[in-house]
Amino acid sequence: MSNIFAKAEPYLFLTPAFAILLIFLIFPLFWNIYISFHDVSFITILKNWEYSGWTNFVDLLNDPNFYTSLRTTVLFVAGSVALQFTIGMLMAVLLSQKVRAAGVLRAIFIIPWTISAVIAAFSFKFIFDYNFGILNYIFQQIGLQPVGWLSDPNIVIWSLVIANVWYGTPFTMLFITAGLLSINPSIYEAAVIDGATKFRSFLRITLPLLKPFIVINLILITMWSVNFFDLQLVMTGGGPLFASTTASLYMYRQAFEFGLLSKGAAAGLILIIINISVAFVYLKLLKR
Amino acid sequence: MNGTMQKEPFRNNRVWFFAERTLVYALIAILLFVTLAPLIWVFSTSFKRNEESISFPPKFLPENITFDNYKFVLTDPGLVRSLINSFIVSIGSTTLSVVVSALGGYAFARFEFKAKNLIMSVILGLFMIPVVINIIPLYTMLSAAGMLNSSLALILTFQILIIPLNILLLKNYFETIPKDLEESALIDGCSRFGVLRRITIPLSMPGFAIAAVLAFRFSWNEFILPIVLANRPDSMVFQVALYQFISLYRIEWGYLTAGITLAIIPVLVLMLVFQKQMIRGLTLGAIRE
Amino acid sequence: MNMNKKVSFTALFLIVSLIFTMTSGFVFPVSAQKKQVSLTAIVAEPKERWDLLFNTALQKLKQKHPELDIKLDYRVLPYDATRTQILTAMAGKTPIDLISADQIWLGEFAQGGFLTDLSDRAKTWGRQSDWYQTNWDGGKYNGKVYGIWAWTDIRSMWYWKDLLNKAGVNPESLQTWDGYLAGSKALNALKAQGIQPMHLVGASHSPDMWYPYLWMLGGEILKQKSGHPTKGTYWYPSFNSTRGVKALGFLKQQVDAGIKPQVSHFWGQEFADRKFAVMLEGSWLLGTFPRDQWPTINHKVGMLPAFPVPNKNTKSTTMMGGWILSIPQTSQNKDLAWELLTTMVDPSVLTPMLQKEGYLPTQKPIGEGPYAVKLNATIPYYKEMISMIPTAHSRPNIPEYPQIADSIKQAIDEVYYGMKDPKQALNDAAAKSAKALGW
């Protein structure tokens, strides 16, 4: 009797979480999958949804703008993740070094992430503006040429990366801090007695213990950067010349600006596949 | 044998110690500057009168410091209402997610069961979905259930942003707690649930603290979902209400920046409050063994 | 003891609930006298104009219907969110009674079955002749009336008088392409002061600022063509005609003359802040100046009611924007919603709002009639702006328009950044647009 209960126990513990996610995530997912194989747009949503097979996916893969957006996504995500992880890790480690008022500093570092994405994007739009922006103003004051942060197709994606890094790094700091706090400090004592330097104990002890947190962190920040579009939408609208259109923004515009919901859903599904693949890669690479 | 051989005496040099301290503080200072610089203008503009705010070159110090902007934001009935809504939704959502995620995380941490990897992958996979393509189906669902413009709907919907994250976080946390502590309690006849409640959770306080901060932040900041699912004037959340100040042709800078500054405070306070929990975890950990 | 407590507690609970249900009729009386009607509206920012309009209109509506207790719940959302909200509300079959639709959304919404056909009601109303033709037609799709174009805006040329004076540029000369380019060169000295001579739109709405050049040359964005795979006769891109190429050529000339396309747009704020000496911008630019400066603004700021023309014989034109009021299909109070709508566009109700916000009317009684006097007195350059309306064009309101606009924007960008010549760029855009239109 109790054996059945014991077997069912884990599932019981998982039931609340699964129930909520089932209703609020799985139904929408199936809805999206369904419409991606049909012809659903603003003009057909109240009418018959004609079956269209793989047409939406084929159209996507035939659209040069979609490929451009994928390329842009790679740049955006790679830049964002590399910087967010490095800086966030640095922040977490620095503040775990018996620094005065570490708690207050942590709270201050988190501030960029407490602003809603739309408003952060808006602020950076002004900071980066060619004519009005504070950055170019400072540049000119110190004798440098103003930079087309948002108007130069070659630079714009990096401006977005800067904004995304400023905005999203606090998460890594928090998550890695959580990891650091889970480590039993007495472990270090043994190492110190053995004469290990701080740096070496960091490499040999801390990092391996942090691995589960690091892996999850990387997966999450990569995924969030892939899915992010608020920044691009507000700061540049995707331009100039699509240089700042990432796949996520492409998906949003197809669905909501052009009203092509099916195409947007198809793009969304491709994004999900990308995310899952990336997570897979991370897990494989780091699960040594 | 206590290895007392000082292998690298240089490291214990006072000079090195101060150099390291300086480096640490210097880096922190740089990061502090980079973090706060973009906000300085926001902060100073919140104390300027609306007409003064849009000037170029930008003035950092307001000519006449005024608290009117804050007064307006804090007394306008619509905005106050939206602030209250945000708190209700965020606190509710945080509580729910922490409870649900603790249960789920514990299951993953302690049990071995057939579908474990599958379920974990599914949950992680679901998390990968960009929120925006879910808007229409979520709306139709909630509309059919008559739950539009309700705090409860938002509390539940926001879970999709948080649960997978917190489950993974707490799972990691629980895994760092030695099993033998729980084993002995189990042998003594304690239920799994009891073990969770009395032993595991108190030892994972830092994890919970951070899980709470994360949950609160995601709920507090969310913009896209509330603007579609709850845009009746009395059910708006603060972030949505703030956006009214940004209209295409005219931006109410003073009110907007005051609102932004106020919006930062709750998460900040939460972080500060929970610092104690985080540190507590450290000492408890030391006691552990 | 425990059991007794439970029993008495339950009994108490039941009694209380019983009393509550019986007396709720008294505590929350259903108004036997007035019938409750609740109207919902989804409209786009900014909020102020709707507060003014709905306030007055609602009062009048209530006066007309003393037997009803009318409540109005209107949601003011950002532009994108308005569109998304309307779509989701329609998909979720939520009853909405009134919406503000951007003129370019009309075809899409009508085609999608979101809007009520107002043709009969409009006929009975009988005010069609009061409207400027283009504005009335803008509310129609496939020959039926789906919305009433409530107010509009036009784009014209604004300049700082002192800056032009100093550089010796005669404002009138800017009205031709050559004069415009020459003027730009003459104003180049301003760059040293951090002021750009001319503003050139490089933001997402750049097609809007290009269309006038296409139109003034006699070109069209789209033309009807037969032989469509599924629709028989349907729209086909014609913006890549020789006229289109010439029109885009003017933008190229501007770039070649050193005028930088501006990627970020601040809707006139950049002009008000004197970052530009000359700016082609919408009539809302006035809103960036404090209202108390309006009476004297024509001393400092000049306005030419025209886009530059290629030669003196060509008539100038401009592009009109603004908002259409429509009634969704899901409305359960269509008649009352229609009454509200017509009340809102009644000159006595609408004029005060236009006066305060600086918008332009779409109907002759406000544009030229008795109400014009009021607006003339308060809105700078009112007469000049009104004069542009009869010859102004508006954009197509077909469902595929956003995709077409996107292709055109890409073409404009390609010319701005020197990646393609106008002919190539427009042809490529036309190919994409044709595909989007189903050809």
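For reference, chains read A, B and C in written order, and residue numbers begin at 1 within each chain.
The rule we apply is simple: contacts are C-beta pairs under 8 Å (C-beta built on N, C-alpha and C of every residue); 3 or more make two chains touch, one makes a residue touch a chain.
All values reported here derive from a predicted model rather than from experimental measurement.
Each chain's centre was taken as the mean of its CA atoms, and the one lying most distant from chain C is B.
When the interfaces B-C and A-B are ranked by how many C-beta pairs touch across them, A-B comes first. Of all chains present, the one whose mean CA position sits nearest the global mean of protein CA atoms is A.
In whole angstrom, the spacing between the mean C-alpha positions of chain A and chain C is 35. Averaged C-alpha coordinates give centres for chain B and chain C that are 39 Å from one another. One simple way to say how far apart two chains are is to compare their mean CA positions; for chain A and chain B this gives 15 Å. Chain C has residues 84, 87, 91, 273, 275 in contact with two or more other chains. Shown for chain A are the residues that touch two or more other chains, namely 132, 256.
For chain B, residues touching at least two other chains, in rising order: 56, 136, 243, 246.
By the touch criterion stated above, chain A contacts chain C in their complex at residues 41-47, 125, 129-132, 148, 150-151, 153, 233, 236-242, 253, 256-259. Note for the complex: chain B touches chain C at residues 51, 54-56, 135-136, 139-140, 143-144, 148, 227-228, 231-233, 243-244, 246-250. Against chain B, the residues of chain C that register as touching in their complex are 45-47, 73, 75-79, 81, 84-85, 87-89, 91-94, 267-269, 273, 275, 284, 287-288, 290. Contact residues on chain B toward chain A in their complex (touch as defined above): 2-3, 5-8, 11, 20, 24-25, 27-28, 31-32, 34-36, 38-39, 41-42, 56-58, 99-101, 103-104, 106-107, 111, 113, 116, 119, 123-134, 136-138, 141, 156-157, 159-160, 163-165, 167-169, 172-173, 175-176, 192, 204, 206-207, 210, 213-214, 217, 220-224, 239, 242-243, 246, 260, 263-264, 267-268, 271-272, 275, 278-279, 281-282, 285-286, 288-289.
Across the complex, chain B is touched by residues 7, 9-11, 13-14, 16-18, 20-21, 23-29, 31-32, 87, 90-91, 94-95, 97, 99, 103-119, 122-124, 127, 132, 134, 137, 166, 171, 174-175, 177-179, 181-186, 193-195, 197-198, 209, 212-213, 216, 219-220, 223, 227, 229-230, 248, 251-252, 255-256, 261, 264-265, 268, 271-272, 275-276, 279 of chain A.
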